[in-house]
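In the part that follows, the structures are each spelled out as structure tokens.
Next come two complexes, and both contain subunit A; in the first it sits with subunit B, in the second with subunit C.
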Partner chain A sequence: MQAETTLNCDVLVIGGGATGAGVLFDLAQRGLRVILAEQNDVATGTSGRYHGLLHSGGRYAVRDPESARECIEENWIVRRIAPHTIEDTGGWFAAFPPDDPAYIPLWLEGCKAVGIPTEPVPLAQALREEPHLNPQAYAIYRVPDAACDSFELIHSLVEAAAALGGVTLTYHRVCAIEKHGGKVIGALLQNRRTGGYVRVHAHAIVNAAGPWAGEVAKLAGADIHMTHDRGVMVAMNVRWVNTIINRLATPDDGDILVPVGTVCVIGTTSVVVERPDDLDIPAREITQMLDAGEVMIPNFRKARALRAWAGVRPLYDPPQKRAGEAEGGVGEDGRFITRSFRALSHADVGAAGMLSIVGGKLTTYRQMAEKISDEVCAYLGVSAPCRTAQTPLPKPTWLGNGGRKLHALTHRLHQLEHAPTHNNLICECEIITRDQLETAIRASGEGVSLDDLRRDLRLGMGPCQAGFCGYRAAGVLGETAHLPPADSIAALATFIEERFRGNRPLLWGHQLRQALLDELIYRRALGVPTPQPEAHAAD
Partner chain B sequence: MIEPRELPYLQETPFTADHCLKCNICTQACPVVPVTDLFPGPKTVGPQAQRFRDPDLPSPDQSVDYCSGCGICTLVCPHGVRVMEINTQAKAKLAEAKGFSLRNWILGHNAWWGVLGTPFAPLLNWAFRFKPFRWLAEKTLGISARAAFPTWAGYTFRSWWRKREKKRAQPAEDARPVVVYYHGCSTNSYEPRIGKLAVQILEHNGFRVIVPPQACCGLPLQSNGMFAEARRFARKNTSALADYARRGIPIVGTAGSCIMALKGDYEHILGLHDDDTRALAGGIYDISEFLWGLHQQGKLKTDFRPVSAFPPELRALIGDSIVPYHAPCQLKAHGMGRPALDLLDLIPELRVVEMDADCCGIAGTYGYKAEKRQIAEDVGAPLFRRIREIGARLAVCDTETCRWHIAQMSGARVVHPVELLASAYGITADERAMI
Partner chain C sequence: MDDLLIIGAGWAGLSAAAFALHLKPKAKIRVIAQGIGSLVVTPGWLSLLDSAQGEVLAAVRDLAARHPDHPYALAGAEALERAVRLFAQIGAEIELGYQAEPPLYNKRVFTALGSLQTPAILPYGYQGAAQAGERPLFVGFEGWRDYYPSLSGEPHVLIAPPIGARPWDLTPTDYARHFDQPPFRAEVARQVKARLNGATSVAFPAVLGLEHHAETVQSLQDRLGVPVFELPTLPPSVPGARLYNKLRRYLLDRGVRLQIGHPVVRGVREGKRLAGVEVAAAGKPQFFGARAVILATGNLYGGGLFSDDSGRVWEGIFDLPVQHNSDRQTWFSARMLAAEGHAVHRFGIRADAQLKPLAAEGAPLAENLFAAGHILAQPSESPSPFETAEGVALATAYRAAQLALTQP
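After this line comes the complex of A and B, so read on.
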């Protein structure tokens, strides 16, 4: 295979999720030349498919104290370094009648042991703050949970790294990892947009591919047993709560409700699946989520559900288990596997210099990046210390200027109010102006898809699910990126199909009306064709 | 299957935004959108912006203040989003955050000015027509110098009523069914003749009218974001009048907007969900609605004289013309059809035609604000043009500020439906006479 381009760097990072982007920035900050390769856009895997919760660690305080400790440590750090990605909603752990009161003292003890501050909230006060909460809650504690926008976080990391020379190659899939003399020396990447190849010479490789870590390791001849634990989440149309609500009970399905942006997300299920890209959304799991929401917020089921999606947790299932760890078999509940993370070396298979980072959570991305970067530096003989815990991240450029402060729900409304004209509103639901869209298109470069722009800007993520902004955005994309009309239409077709996909499991009540309207707009009025499904990567 | 009653929260005004499909029907129907770029439209500032409003923070979008509150958006929404109510609540938050505005405080408290100004009627009536005074009021307060102000009658409807009651011998046994008359501030201080005619029309139809103590409906305060005070007025009214409603005694009013405040705004905008509020809302009627209801039961007296037997002044105003009727937005919000039009159709020789106009533009105190005056004039322009084209010298409209605004802008005299009904019944009320 002939590579069209050759790039040189110290470290190649594989995977553009929070961990990979974290490693990119960490190593770039330590003065290394780093390239990140991501098979899709950044934040398209697990990092972009989570519920939006910056954990306090309370959820793991009883059964997984190691992960709980990591969470609370990182929680404080992320608030400091990336405040623009955080909305400090605060979180509650609340026990409702079906929950076992015996769990409460265990939980309080667990929180205390790892340093998670808890504060009891009297019910009367809780109901004043969250009038929709089930008034039968019998114990409520406040913890420092927060909502975190992973798209903004990852973009910040990528931009911060870029300023230090770190390169991010999106839509580049790793085809082969090249070894020589017992060490890795680089990798061959394929540009999925152009079909061309890129050869990257690197002294070390970090495998931060999340659920695909097993596949990437295989390219180097290593075998790491990942457990793919799929969770389904449902976004409700409005924020029924403004505080994160966790069930004060042994972690179970649908026991977290996170107000994030304009919606609130109920999550999640936990089912072990075979493939890293098994993103099916079984109807049964949706029902489970809504029923669970009903316990926390009476009448939750009657409210409008906006969109459902699934993410796959990349859990590491080591051959030698620590005490208390369970086996994760396909179809089973993956909740008994630790949420902590591990750094693995593959020197044993003649791939020295290749390191995999597995397990963990979005909340702990920075600590994971630090740990693996330390090992990379040790391998390369670099002594620069990690400074990511002290370095504030820049805001992504298209978010516009403004003080460095915590994210607020009202932010976009404020921006619109000060935009030059009202009629430049492209996505009405999520308040995205033509200017913002054009800036993001230009910043993203060639081949940017509407779905990429969705992640950048939340385009089409509101109640109408791109019903009214999809065609406008396709027009702006065509104009700004100078696309031939057929390409704009293809981009639109792909985008709305993806939007329809998340809507299909929720076709009742309001969202059914909306879906019908959207379908009439796209299929009947505009005649947008149904796109051919992309061939499955593994097929 | 009977669905268990939903908890109120799903029905609360802010959360009706959950029903919005973005279909734009409200934006299409909004009368303000076509005349100004300052208002991005009811969908944008309503259900859309609502998802971005933090209950603990003021809304950052000043543009919602350009919503006139006419309520057409709520009326046309096919999915049950209470758009105008969402906007009014957001405006109130905004007003709260912005702090005190003397202009809005003055406009909000018209209940006081009506009563306090009565003894000084001649002076005030002169001042409000004295251009330099109006110019000064616009420059210092922001109250439009062009807006039509009412004139103080010099006496109040209530004082007329008290004297009349004293004078009349109370029969020992009065078997007539009772109605409560809710007059509103404007009838009390500026247009007592409407109250006098309404009372007599009801009596002509065999009712005993009573006028218990009552307060301003609170709508001007509500429109200007002073919810706390508006609620105080609302509570006065609900505690004074709810019992009548519970006893099945109808409460009838002549001020279409005020009646709508009692019928719906108390609950959906001011957030009062108590039993008194609901009882009153279910027992209060616009006078035309009430009379048309009687007619449908065959109980309305239809001894109407033809126009040719009307008093000469009125006959001359009508002439050969059709009489344009404008249904005010807040009257449309009652969801009761056009009872005034139905009633007036019963009068021989009278040809009343509804003007196909959305809104006259004034929207309560909206058109009195200097920065919104041009919008108020532009919104109503098609209506004024039509009245002028018809050549009508008399028009009909149910609410007071709309009447004053249409009269000023079209040149026609604009009367309340009861004024024509009264003439048809042969009932008169001397404009100036206390008795």
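After this line comes the complex of A and C, so read on.
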């Protein structure tokens, strides 16, 4: 393959999730020249599809103490270095009638052993704090869980690294890894928007590709066995609780409820799937989540299910298990595999300098980055120590909004009310004006899709499911980016399909009616052509 | 006590009332509905069988012969033709230009994206599309968020109509009211004329008048000297609203009682017959007695059917069994715009050859209850329900009205 551009660096990091962004920042801070390659936008892999929980470790206290310890250590650190990404909701572990009381002493012991503070909450007080909680809860303990915005966190890391010279290449997929004399020497990247190639010369490569780690390792001739464990989450339009609620029982489906902004998210399922990009959401898993929600919050499903999404856990399934790990093997679900992480070297297959970081949690991203960065530095003979645990991260400034979350609805409303001459609303549900849309289109440059704009602005995420704003946004996109009409229409058709993929599992009751209305608009009023199947291969 | 009580004010309910008036002018007819139905979101043209190549009524007869479960078949081979002929008379009176005299052939109309649709019966606004010619000019309004003529792929211009400071968040209905005013039309025509540039026709979004549609189209054509036609818009649909308003007035003028905003909550049985229905009201439910009842509350979209996350689908008033897939996973195809459509469109109640809804045991629920419109199940394999949307409503409304009025 003929590369159009050549770039040089000390270390190439593959993967723009929390782990890769953490490695980028860590190594940049140690003075290395680092490039991060991400095949889509940053935070679009598992890190952008997770449950939103900065774990206290309580969930792993009984069966996975190593991971539990990592979680509580990092929990304190992340609160300190990235407070802007955290909503300190606190968390409870609560046992409800079907839960086995025998689990409670085991759990308390486990927490104590790894240093997770627990504090009993009397039921009367619990119900004062959380009036919707199922009053049949028979034991409740407070732990230091928190909600964490992974988009903010990852953007903070990328920007902090950029300030130190770290480069992030989005929409660049690593398609080959080049070796010479038993070592890796670089990689070939394809720009997915232009189709062109970039060659990166590097002295070391970090594989932080999450669930794709197996595929990336294969490019270097290495074999690591990942288990792809898919989990489904459902966001309800009511913030039923202000505290994260965990079931005080052996981890199972749908046993955590996380309040996030104005909604709350129930999750998750756990199903082993073949492919790292299998994000299907079977209808029965949704019903399972709603049933599970009812146990913690009676009438849970009376709220509207707003969105459902799936993520694939990058679980590492080592050939040799350590003591206590994975007894009984991996069953239907991946819950028996440790949530701890491993750093793997691939010198054995003639790829010295290529290191993979696998397993772990979003909560432990920093420790994972530290560990793999230590290994990289050892390989390169660099002695700079890790300082990430002491360095506060900046608030992200992306899209230039003074570091304020663009997607905070109240913020938009405020702007709108104070600038009455600019209120040409394109998306009424999420309060997106034509000005904002045009600015985002220009900032994103060539090849921007409506789905990119959705991620930046929350376009089409409201109750109308893009029935109205999809056409409007396609019109504004065409006019602003001067696209041929066929391209704008194709962008619309692709966007409709992407939105539908997310909404389809939630189509019953009112949302089903809304979808049928949208379909009437698309098919009868607009006559949107059926897109070709490859139209949404791009994510 | 009414002779006929119709539940639902969508296309099926309103046309059933209009047909009943013609079949039995002295009948006491009442329409009770929760909302104003889906007319205001449909484009306002009538689809009988959009894929028909030859004469449409003949193609519909073929369809009915091939699919004995199809609502067209239940309504009977002649129902659509009779309905269409009656609608032609009504259409002449409501002055929206609907031309429905058989034989009928599908027409070609444009959408805002420049694609073509092929319904059979058109109001004035869409008729000019047939004379669009080589170079139609698509006209939009500067800053209006609901219409982007650049997406049509045809020559296009944006004009600045005399509307004031905030043109963008007007609804299609607001624009239509402006077009009802002659000075506004004149100004629009002046601006467009200056930029015609050899156009063979002019396309506007479907906002050419709410009360004075025919006059608006005519005056624009006169001023521009070329055919003028409309393109359907995002809801609310002005052509749908025109039709709703005219039909409503037509029925009220002839003594039909229309009660919109009143949810019927249940039927009241008397042996094998319905004595009437109960309507939710402040205090206690109100009873309305009727000799016959037509259920025209629509499908899952219209509001006659309901669904939940477990895959249950039910009918909201009589708790009639609904033909549907119990595995919710199969309700929709993998893609929204899938050519094959979605199974969910076909869910509905079953009825016998007299359009009497069937209860769980397979026998009619009541001797004097009839169903019309999209609440009726449609067989899989038959053409997409979108293709036959208004035709199915017309045919079953006609047949249901006819049968209901022969009740003792």
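Here, the second predicted complex is superposed on the first by the 408 of 539 C-alpha atoms of A that agree within 3 Å, B and C clash if a C-alpha of one lies under 4 Å from a C-alpha of the other, contacts with A are read in each partner's own complex, and residues count from 1 in each chain.
In this section, a residue touches a chain if its C-beta (ideal position, glycine included) is under 8 Å from a C-beta of that chain, and two chains touch if they have at least 3 such contacts.
All values derive from a computational prediction rather than experimental measurement.
With both complexes superposed, C is the one of subunit B and subunit C in contact with more subunit A residues. Of the two partner chains placed by the overlay, subunit B and subunit C both lie in contact with A:Phe468. Of the two partner chains, neither subunit B nor subunit C is touched by A:Arg193. Applying the stated contact rule after C-alpha superposition, one finds that A:Leu507 touches subunit C and leaves subunit B untouched. In the superposition on chain A, A:Arg442 makes contact with neither subunit B nor subunit C. Once the two complexes are overlaid on the shared chain, A:Glu479 sits against subunit C while remaining clear of subunit B. Once the two complexes are laid over each other on the shared chain, residue contacts for A:Arg387 go to neither subunit B nor subunit C. In the superposed pair of complexes, A:Pro529 makes contact with subunit C only, with no contact to subunit B. Once the two complexes are overlaid on the shared chain, A:Asn237 sits against subunit B while remaining clear of subunit C.
When the shared chain is aligned, subunit B and subunit C each come close enough to touch A:Leu425. Residues 421, 423, 425, 468, 513, 517 of subunit A lie at the contact with subunit B in one complex and at the contact with subunit C in the other.
Subunit A contributes residues 131-132, 237-239, 242, 262-263, 298-299, 302-304, 408-414, 416-417, 421-423, 425, 428-429, 431, 462-464, 467-468, 510, 513-514, 517 to its touches with subunit B in the complex.
Taken in their complex, subunit B has these residues touching subunit A: 6-7, 9-10, 15, 17-23, 37, 40-41, 43-44, 48-57, 59-63, 79.
Those residues of subunit A that touch subunit C in the shared complex are 282-284, 286-287, 290, 301, 305, 421, 423-426, 434, 468, 471-472, 474-476, 478-479, 485-486, 488-489, 493, 496-497, 499-501, 504, 507-509, 512-513, 515-531.
On the subunit C side of its complex with subunit A, the touching residues are 38, 41-43, 111-117, 143, 145-148, 150-153, 165-166, 168-169, 232-235, 237, 300-301, 303, 306-311, 327-329, 331-332, 334-339, 342, 344-345, 386, 389.
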